[in-house]
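Provided herewith is a single structure, encoded as structure tokens, for subsequent inquiry.
Letters are used for the chains, namely A, B and C, taken in the order the chains are written, and counting of residues starts over at 1 for each.
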Amino acid sequence: MANQHFQIAIIGAGPAGMAAALTTTKAGLETIVIDDQKGSGGQVYRNLLANQEASPAYLGKSYYDGTELAQSFANCGAVYQPDCTVWQITNTHEIALVSRGKAELITADYIIIATGAIERPMPVKGWTLPGVMSVGGAQTLLKQAALGADDAVFVGSGPLLYLTAWQYIKAGLAVRAVIDITGGKQWRSAIPYAPLALLQPDMLVMGREWLGDIRRNTEVITKVSAIEIIGQSQAQGVSCTLSSGDKIDIDANHIFLHQGVVPNVNLTMATGLAHQWDHQAHCWRPVIDVTGKSSDEQIYIAGDGGGIGGAKAAAIAGRLAASAIVARCGKPRFLAQLYYKLRHLHYLSIRPFLDRLYLPSADFRLAQTDETIICRCEAVSKAGVNAALASGASGPNQLKAFCRAGMGRCQGRGCGLVVQEMIASHTGQSMAETGYYRLRPPVKPITLAALASLEGPWPD
Amino acid sequence: MTEIIKSNFDAIIAGGGLIGLSIGYGLSRRGLSVLLLDAEDTALRAARGNFGLVWVQGKGAYFPPYADWTMRSSELWPKLAGELLETGGPALGLHQEGGLSICLSEAEMQQRYEKLDHLRAHQNGRFQFEMLDRSALKEIMPGIGPKVVGAAYCPHDGHVNPLYLMRALQTGLTRHGGVCLTNAAVRRIDKKGNSIRVGTAKGDFECQRIVLAAGLANAELAPMVGLQQSLKPQKGQIIVTEKLDQQMALPSLLLRQTDEGGLMIGDSHEDTGFETSVRPDIVSGIADRALATLPALADVGVVRSWAALRVMSKDGYPIYDQSEAMPGAFAISCHSGVTLSAAHAFDLAGYIAEAGLGQELDGFSQRRFNV
Amino acid sequence: MFKSTMPEKGRIVHLQFDGEAITAFDGDNLAAALLRSGKVKFRTAAKNDPRGPYCMMGVCFECLVKIDGRPNQQACQITVHDGMIVQRQNAPDSAGKVSG
């Protein structure tokens, strides 16, 4: 594959990447899809093809809805490269990859970045203990390995949490409790946008089904003001403080946290593309036009990586970006593009409501106790970050320099938004003004041997 | 955020990198009121790209004043580290137990030897070094690869954590009453009666002394005070690995292990203007050389990389100048901000605070380029 | 304890985790196989800082283990193979003694 050239390189094989490949291959463009996972589907459709045989019902309709897409992708004729990580996109559009310890450069006329989302960090005391996982992590175990934990406690808010707890219940697992941090404040700010949400009644019906089954099958705790996870060598329980001041302690060895998803901007930021602070969704997103074109003429961004919209919106965004590229390659698809744009708008109509309803309060976006770990990789606590702020760190990069938060392997995915908000609170600057860590390649760690294995010729 | 309650200072420093912070710290500890003006968090910031060596070997081999100045700073470093310990931040990790310049060919060994021998000659015994052949080097670094021919060992060399140094200097500066403002790059400097007036996006300030320590931006600021600093960016790329058990007893010019355990590996010298992109071919070459040096590092993961722009004068040596047109104005630039931090904090700050740059620093004036 | 939500089937594969025999199925994700065996602690980030898998998608770097002598492997990104020797990775993260 080394030094090969493709007309289109798609990074990511979730719904956006897969759908984009369908459009580009249909138009006859040489397409490669690079996927850092072992099989297509990204996160939302993880293991979808392998699950066709047994088709466990508990995974739900929203999961199996992706079947046709996954099957079509498998047959579309794109070069599919799984188990392959992109660690850099240079400013001359070379894509630096590593697969099985060997690094290579490929080039493409157009690149579609479809690397999806990650979960918003949820720093609570004790969250680094073994047995604590993100809800997404728990869901992946269910999809990929048919594994679930009995008597788990789900903590947080957001559709992914309710879906996963529902899947657990449907799989016959005993869910100990769901601690829902969604509050009255969130409802009040979201309600004016409910009419737009009515444009997607199927989503609302599905959500209502999840919430109903959860209420009937487990203890739901609301009006929560603080959470703490207890344990020494592993999670032993959750201690929950209610707004009334009362405390509820629940024994649990498996605790799943979730407070929303945000675009995974590491590759797009390291590539130097323009980003903006999304005030409504309280996260960073790349600056893209309606077709997904970034600040770089050759690079498009599709799916949750360009702004959270969910699986269906992601697939349409993949189609939209791909058809814009296909048009630029001399095969305009005006009607198709118009159709995709309208569908995309439709799928995004529920976002103003959902984004507001499930935006966690500052109490949960930020850590509540000094000992809470903020940067997991470097084990920097809230107190450590505050000490760096007291030393005069006034921006994320200076703060990183002063206390190492953000210097670990995850490159800020687990702490960046929290650190940014701590700095903004301290300095009085807005989130947009505060900025973010300056991200650089390698976007994921690469061994020295793999790096050294990169061969020329080098472009000028 | 400290509210500025005054607008008049004994000294204003333009630039919050290693030079500005070192001089600012040095002035504030002498009792001067100091305002340090820094640009944005994402400005070029050579200091944040620094490798962290407190390096003596080779410096000023062909320019004795630089060799003297470097040696002086190296000797003052323990005093700086001791004082900064009191600021209570993370340990600076200063180690001055010697350093190595590892050679992968006989030609490199020869070149290195000639340079250091020349340096030794004009230093009257002050500068020591030893060329280690492969077997001697193997005793210090048992894991060296078959391509390693030997190294130049210098007992004066060392390393430190440059980012924690900056944190400590900043804390020290504020503890002594200094004020630091960010997003306040200097835009304008002129005389106002007996004072110097400095204009920034955050307002105007007055001072008796202005020290330009803004790195590459000094080229633009110097004329405002009647000086000139011809500076060019020279790009260098560095990669950093995940943490390892202690591997390296001594730092080397291109490979050092931090106290936290990560390996810092460099480097490059590129002439590509003001851009700071990381190039896969360059970092691949850096990785290659690291593996030739210590082959067992093959499976170690690189977690970060960066490119920074060295602040280079025409001959690579510092430029220290004071203005005649605007008395009290100084322009300071160099690319060895870590090594010279101690000399800057003590000696240079002393000159700036008192009578002006002494004879010792005459040779560093920009005037040397006008011959 | 994690347990299977579907009938378990497939070729049995044997691995070791810190010297203890672990049974898995051909094609299993390593992190999943260890969790199924009741292992939640995969490493320590510092003396009293035990860690285990968190995101299961390769972005958190918490599930690092040593596999067949190679450290810093993300267990959630790896498929088991018969005879795999897995060890907990204890701080400081180590690539083995390079100088030895």
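Following the convention adopted for this analysis, a contact is a pair of C-beta atoms (placed from the backbone, for glycine too) under 8 Å apart; a residue touches a chain by one contact, two chains touch by 3 or more.
Here the structure is a predicted model, which means the values were calculated and not measured.
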Discussion item. I'd like the most central chain, judged by C-alpha centroids against the all-protein C-alpha centroid.
Written reply: A
Practice prompt. Name the chain pair with more contacting C-beta pairs, choosing from A-C and B-C.
Written response: A-C
Fill in: Distance between chain centroids, defined by C-alpha means - chain A, chain B (Å)
40
Worksheet item: Between chain A and chain C, what's the gap in Å when you average each chain's C-alpha atoms?
Response: 24
Fill in: Interchain centroid distance [CA atoms averaged], chain B/chain C, Å
43
Worksheet, complete the sentence: Multi-partner residues in chain A (2 or more other chains touched) are 408-409, 445
Practice prompt. Mark out which residues of chain B touch at least two other chains, giving numbers and ranges.
Written response: 242, 297, 299-301
Discussion item. Give the residues of chain C touching no fewer than two other chains, as numbers and ranges.
Written reply: 72
Worksheet item: If you look only at chain A, which of its residues touch chain B in the complex?
Response: 88, 90-91, 94, 96, 103, 105, 272, 387-388, 391-398, 401-404, 407-409, 411, 426-428, 435, 438, 440-442, 445-449, 451-454, 456, 458
Worksheet item: In the complex formed with chain C, which residues of chain A make contact?
Response: 36-38, 43, 54, 56, 58, 118-119, 128-134, 136-138, 140-142, 144-150, 171-173, 233-234, 253-254, 264, 376-377, 379, 408-410, 413-414, 444-445
Discussion item. Could you list, by residue number, the parts of chain B that touch chain C in their complex?
Written reply: 141-143, 242-245, 247-248, 261, 294, 296-297, 299-301
Practice prompt. Spell out the part of chain C that touches chain A in their complex, as residue ranges.
Written response: 1-6, 28-29, 32-33, 35-36, 40-42, 45-46, 49-62, 72, 76-77, 79
Worksheet entry | Complex contacts: residues of chain B adjacent to chain A | 1, 40-42, 45, 48, 87, 89-90, 163-164, 166-167, 170-171, 174, 180, 182-183, 239, 241-242, 260, 277-281, 283-284, 287-288, 290-291, 297-306
